[in-house]
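Below you'll find the structures, each written out as structure tokens.
Shared between the two complexes below is chain A, which has chain B as its partner in the first and chain C in the second.
Then we have the complex of A and B:
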């Protein structure tokens, strides 16, 4: 094995890039291209949003490649460091963060605004993967492992919730619960947790911010205040509904292009997509997402070590969570919680974390034999 | 610490021991099972979302719902007003104002710049709006959007822009009903005419599809208005007015006062064109009062039609005041002839027979000094007359005593309808039946006969109303010409008010037409040699009756009114 390790390290960067999983990279590139086209159409070819996105995507893709050709052992070794660094940033952001739209979520790096809460989704998966990698299978349901994992989850969750960013906090929790599910925590525990959450819902609701309460209330009472808080959702639903089977055609969507759908660059990009490309386009897009998730789980299946396995599965679950919540939100099935559609939505950090995740998955495959 | 544990328990070093090997495959299996469940649930969620997409596609939310942009702040409705044949004379249409909701605008400058770029809104004053935005929450950017502007405003899709729906009152016939309908203010409240008098009935009723009906007839109203306009032109007069009323029910079929105004325009109400001559003007109306003194004398049985008054002088005196007769000859006249020839001195003699108190009571009883009952706020109660020494003399022939034309008309209706008091109205009454008797039906029918002779062309007495004797209608009536009192000094000017009350048919009077011409002039080139009523108001009434007679006959309003005829 040490010999194998040497030979892999001896391989040049070019060789390593060449031997990456082509189909996953293709799928990611297709999504990236779609997102650039979509943003171009939303602005009717004016403005520079799509160029910015293209630039960011290229940058993120470069990061993806860099991570992919780095041995996954790096992430295994440093996952705790990464996790605590992330917690630290989340903590200090309270004091030096840039406020955007009422929440302190951003860290200004000059060119890039980074949302540490987005990175937390990745770090929680990594740290849990490492933790459960170290736990024997028969000890998974022991109090000790449950307690440690709960603490690991709750700290970033509460920090993000405090920012306040409900959407990201829910996704962090979702990603973490996904890991717990995948590593085989007893179903009874999950069921009792769900019961506890449902029972404590009134308490949770009381603790929400006013605008968060509004959103939840609006979800249950959509058309009552059409120009108010729920305006986004109604218009997005109209956008989705007006596409028909084949859509209105590229650059022809009126709901989104005419600014009916606010935030259509970011969280509501799907409504624009569905309006222009119709039901058929939406099905193709969902199929594409499914292919990606399937691909990641296949990589997970092939992995020889549990850290990689858990990471791949958990990342696939996280990816799935993003899509489900975003689409649920856009189609009016869920309240608006501010979850972007992976890769397709305009926005820096979410793109970056997802691409990093893909990078780690690719690395898991590349270094399957050399960890 | 953790690291050491990791080394020991790490699953990864799969070739360390058999035990670990089996553990790994165990874990692997669990992982595989669990991730399969995730994949399956993803498929389920995808199908749910696809079903949702299909649902959204088929549901009706796929149209742009313009209503989302429309607010109905201050939205008031007013009922449509229709004439007696259900012709629309006042209606409301929805208009939209573009309103900026300041607190919803994310970036005001950007938004205003965007608006200004559109050619429909290029006139907005950005600086002014920015200043206003500091003080107000809602700013009206543009009022009454036209369809192009409306469409553009909606397509802008700005949540901070709102289309405020409100109603605007439209009077399709413009000036035709101006004095009756009146106007409304910016708050959509009636401020004059019917709109004001019935404001609470017309505004925001529970049934917006119902209409508010008044008794006017558009066709007749427009015919009469047209004739009056021509009359103003012919006699170079300052104005003119007309009233057409049913003598039994008091329902007003036409009310015209010229000059008039366009209620669609909002102007200051101080202009004299807003003055309703029929209900708000009080005038000394002259010889038309002679009918009252004679009717009173007949009622009191002091005289009859043929009582002869001998040696009537051309001048009489009351103290040191001198009263002149038009006709300078000394003559003998019967009561009828006094009315037909409109003899002032003769009327004075009858007045003296009646005496001051009784005559005063009669005029009061017949309603000449009442506040008109007509349902508009622009009306007045004539000033109390100070009955001095000579008032009886002058009042006998209609001077020194004033009333509103509408009350004059209702008093004449009483004279000819069998003697009942009527109350002029603009609203159809279901069962208007006559109650209060003022004079006996005998006096009434005698008056009708005498008044017929005023108009009858064939009568040897040559009455003053001959030019209104339209064959087939047997018109009855009485003329009146009065000097206008001077405004600043005592005495009278040489300007006249000329009035003619025409009623037909003689056999069973129904329609009363009052014509009043304000300061008519003679015009020799047009064949008009004099300024008395007989030369202007009478021929105008004649040509109006000629025009509206057939229309009224066809509509037969007397039956439609459901008036209970008193025997």
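Then we have the complex of A and C:
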């Protein structure tokens, strides 16, 4: 492996920002604007949630730009450091984390709460990308690489699962599996893993927390017990369904605005969006998300080095997983797991993680070089 | 080797080749899932949109019903018998009241609430749903109302409001006819066919016409539609729909006559009824002593209620419908008609009254010591000879008397929907056998012939029977409602016989020696009728002979009855008056009837 990385020609910050991929930035900004308007409408213009979100989005966007104009080599070089630092934080959070809804997930930084488990989605992709970048193609399916990657995945996965935060744990696993798939792990291994998982489902189910079990059970008894555990999904579906084709109109949605939909600012924000903007708005939003994923994949296609390629594809897949799980949950296709809708959902760390991811993708395009 | 040439096993090219292939498969997964989500959205937002819109509105809107104004009740001359007045009230809204004890204490400083009301409020408050208003059972004066309004800043969750409540201008006079209104009980709400009674603050009829015609009077509640949030708190008013007031109800009553009758009976316990003999319309129906029905509409206190319930003359009992008296001598025209129709006697039949009659060694006295001498039917009714009717009854037998009495309306109910109405009792041999197991005795037939013994009748029945005599033998059904068209059928009696009886009743009032001669009216219009004195205790010889009623304790005195018709030459009205423990009918009841006839003749017939 050629260890010496070529550095790009030194350019001014302004020049570098100018030469970033405009279309991806535009898409992100459009989503950010939609998000602020949507939160404003949920609160009927009252409160400061939308302003806080605007502030966080601006901050995250600044981070995005900062990362985007930093050579992706930085991430290549410090992938392991970033990964182990993340593991360390996940460890200590056991003791100093702020408890939210029965789960220790937050690290309190005063104004900003950081959810280290969210960052783990990024660090797992980076660390696996670096690891497989350095593994020769014929060694990818060797026991050694399988073992190392499994350990790299399982540590953060189990730590997050223990918090307990099923949604994030699934996303970490999903992101990691995405990388493994992309780098060419044998299909047979995937197939046998799926078989093993299916066979051990009863065991997994037994190991779930009571509320998680309940959610899974609820998913299979959809409309029963409308005021009980299923309340969230039913109310969210009412929001989506009552929007109709054209929606109720901006600021005219009631399901989230009147608090019938729980978690209306965060995980179930799509319900309000679909209620006010209808099928047309929802499809447009889907299209925007799809465009972003497409864009990231195209950047991956153009990358000359495998680290960037792997990262782009894996991040695109991770971003897709967020959307798929969240929309599947809000529309009642999947059981409720706490997964936010990227950028649209109110919430700091998930926004930050995704914006960082976009930053790295932009950087991969800007510094498209062989390592 | 060729095999390896095309399949580079190392370097960037081979790796990115694998990556590109794998990425394409991921792309397929993404397309598929996005397609799935899009399909799901089409299903929810296109095909099921209507269902979810309804569910969304059901979440979002709550209706706060407002009871409509109750329909007016008018008499036949458009006088208002029951109307509605503005009342100042307050409601507590659960969820807005932060500290119930503190709020009640603050209210108490202004309103001086009964401890009873406070306890009930505390108790009821726990059963309320969130943000449900609770109306405090107390009316405020304007002063209190404005004081509450100016202190609202310390009274969290207190909502002053103006409501329309039932008011009766003549609560005592009309108590037993109109009845009263009150809040529905839990049973009322549970048994109702719809959720009308769940309307907050609604009042329903509890007795009389108010109960009978409750659904007509209650109207259609209006409502305010609110948008509520998930916690149930009203966020804004969406629309206000005014209720439809209840339909006005026209009664056949004659308010002036009713007031007159009440004033005549107010100091007694008793009943007075005036019927239109052709239509069955009830012009007057009074029961005394009476009670203030406004108290019930405004929320009666336990103390006030106890006072009413403890009164030994029983103000709550509707004496014209549910008090049952031995009819006494007012039954004699019925016995006479029965005898004539059964051809036991004819007009010229005579019997000698020696003041008593004897049967198997038992003596039955006439009210007149020394007797009436030889009397015919006309004389016997006119002077109310008991011995004559003992003889007629003996000849007839009780079963035939009972048959005629029942045909005329004794022993049955006449006002549908008035639950308090009693049936009375028409005794016969079968009845006695069935209820006591003992055979009927002939002596019992004799006293049945003068309306004593087992015989029981309500004033309503007595009045109906008189009306049916007066209209020439047509069956009528009494009604409180004007324009209550009903089929009138001829009863199976000989018209000539009825004429004979009417003539005798005329004589009883307007001829010297008649029992109610002292109460007769001079002038163009005259009335006729039969007095009755129904014994409360068993007849004793000394009572009979001395008839010193006024010396006896109230509860042992006889009931005084009078039932008559008028005007004699063209009958229009039938009047029955009963005064409990009033003594002789001729002394106590007939003068009351006389003054009612006088009013009708002078005010209604002369002016009409």
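Please note the rule applied: the second predicted complex is superposed on the first by the 359 of 371 C-alpha atoms of A that agree within 3 Å, B and C clash if a C-alpha of one lies under 4 Å from a C-alpha of the other, contacts with A are read in each partner's own complex, and residues count from 1 in each chain.
What we mean here is this: contacts are C-beta pairs under 8 Å (C-beta built on N, C-alpha and C of every residue); 3 or more make two chains touch, one makes a residue touch a chain.
From a predicted model like this one, the values you see are computed outputs, not experimental measurements.
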Joint occupancy of chain A by chain B and chain C, clash or fit: clash
Determine, under the contact definition given at the top, whether A:192 touches first (chain B), second (chain C), both, or neither. neither
Touched partner set for A:58, first chain B, second chain C, both or neither: neither
In the overlay, answer first, second, both or neither for which of chain B and chain C A:183 touches. both
So, A:283: does it touch chain B (first), chain C (second), both, or neither? both
Considering only the touch criterion stated at the top, classify A:26 as touching first (chain B), second (chain C), both, or neither. neither
Partner chain(s) touched by A:310 [first = chain B, second = chain C, both, neither]: both
So which chain C segment collides with chain B once the two are superposed: 63-71, 81-89 or 243-251? 63-71
Just which bits of chain A does chain B share with chain C as contact spots? 136-137, 178, 181-184, 235, 237-238, 240-245, 254-255, 258-260, 274, 279, 282-283, 286, 289-290, 293, 297, 300-301, 305-306, 309-310, 313, 316-317, 320, 324, 327-328, 331-333
Interface with chain A, chain B side, in the complex: residues 2, 5-6, 9-12, 14, 23-24, 26-28, 30-32, 34-35, 38-39, 42-43, 45-46, 48-50, 52-54, 56-57, 59, 61-65, 67-69, 71, 104, 155-159, 162
For the complex, which residues does chain A have touching chain B? 80, 130, 133-137, 178, 181-184, 226-227, 231, 234-235, 237-238, 240-245, 254-255, 258-260, 262, 274, 279, 282-283, 286, 289-290, 293-294, 297, 300-301, 304-307, 309-310, 313, 316-317, 320, 323-324, 327-328, 331-333, 371
For chain A, which residues count as touching chain C in their complex? 136-138, 178, 181-184, 235, 237-245, 254-255, 258-260, 274-275, 278-279, 282-283, 286, 289-290, 293, 297, 300-301, 305-306, 309-310, 313, 316-317, 320, 324, 327-328, 331-333, 370
Within the complex, which stretch of chain C touches chain A? 9-12, 14-16, 18-20, 22-23, 25-27, 30, 33-34, 36-38, 40-42, 44-46, 48-49, 51-53, 55-57, 59-60, 227-231, 235
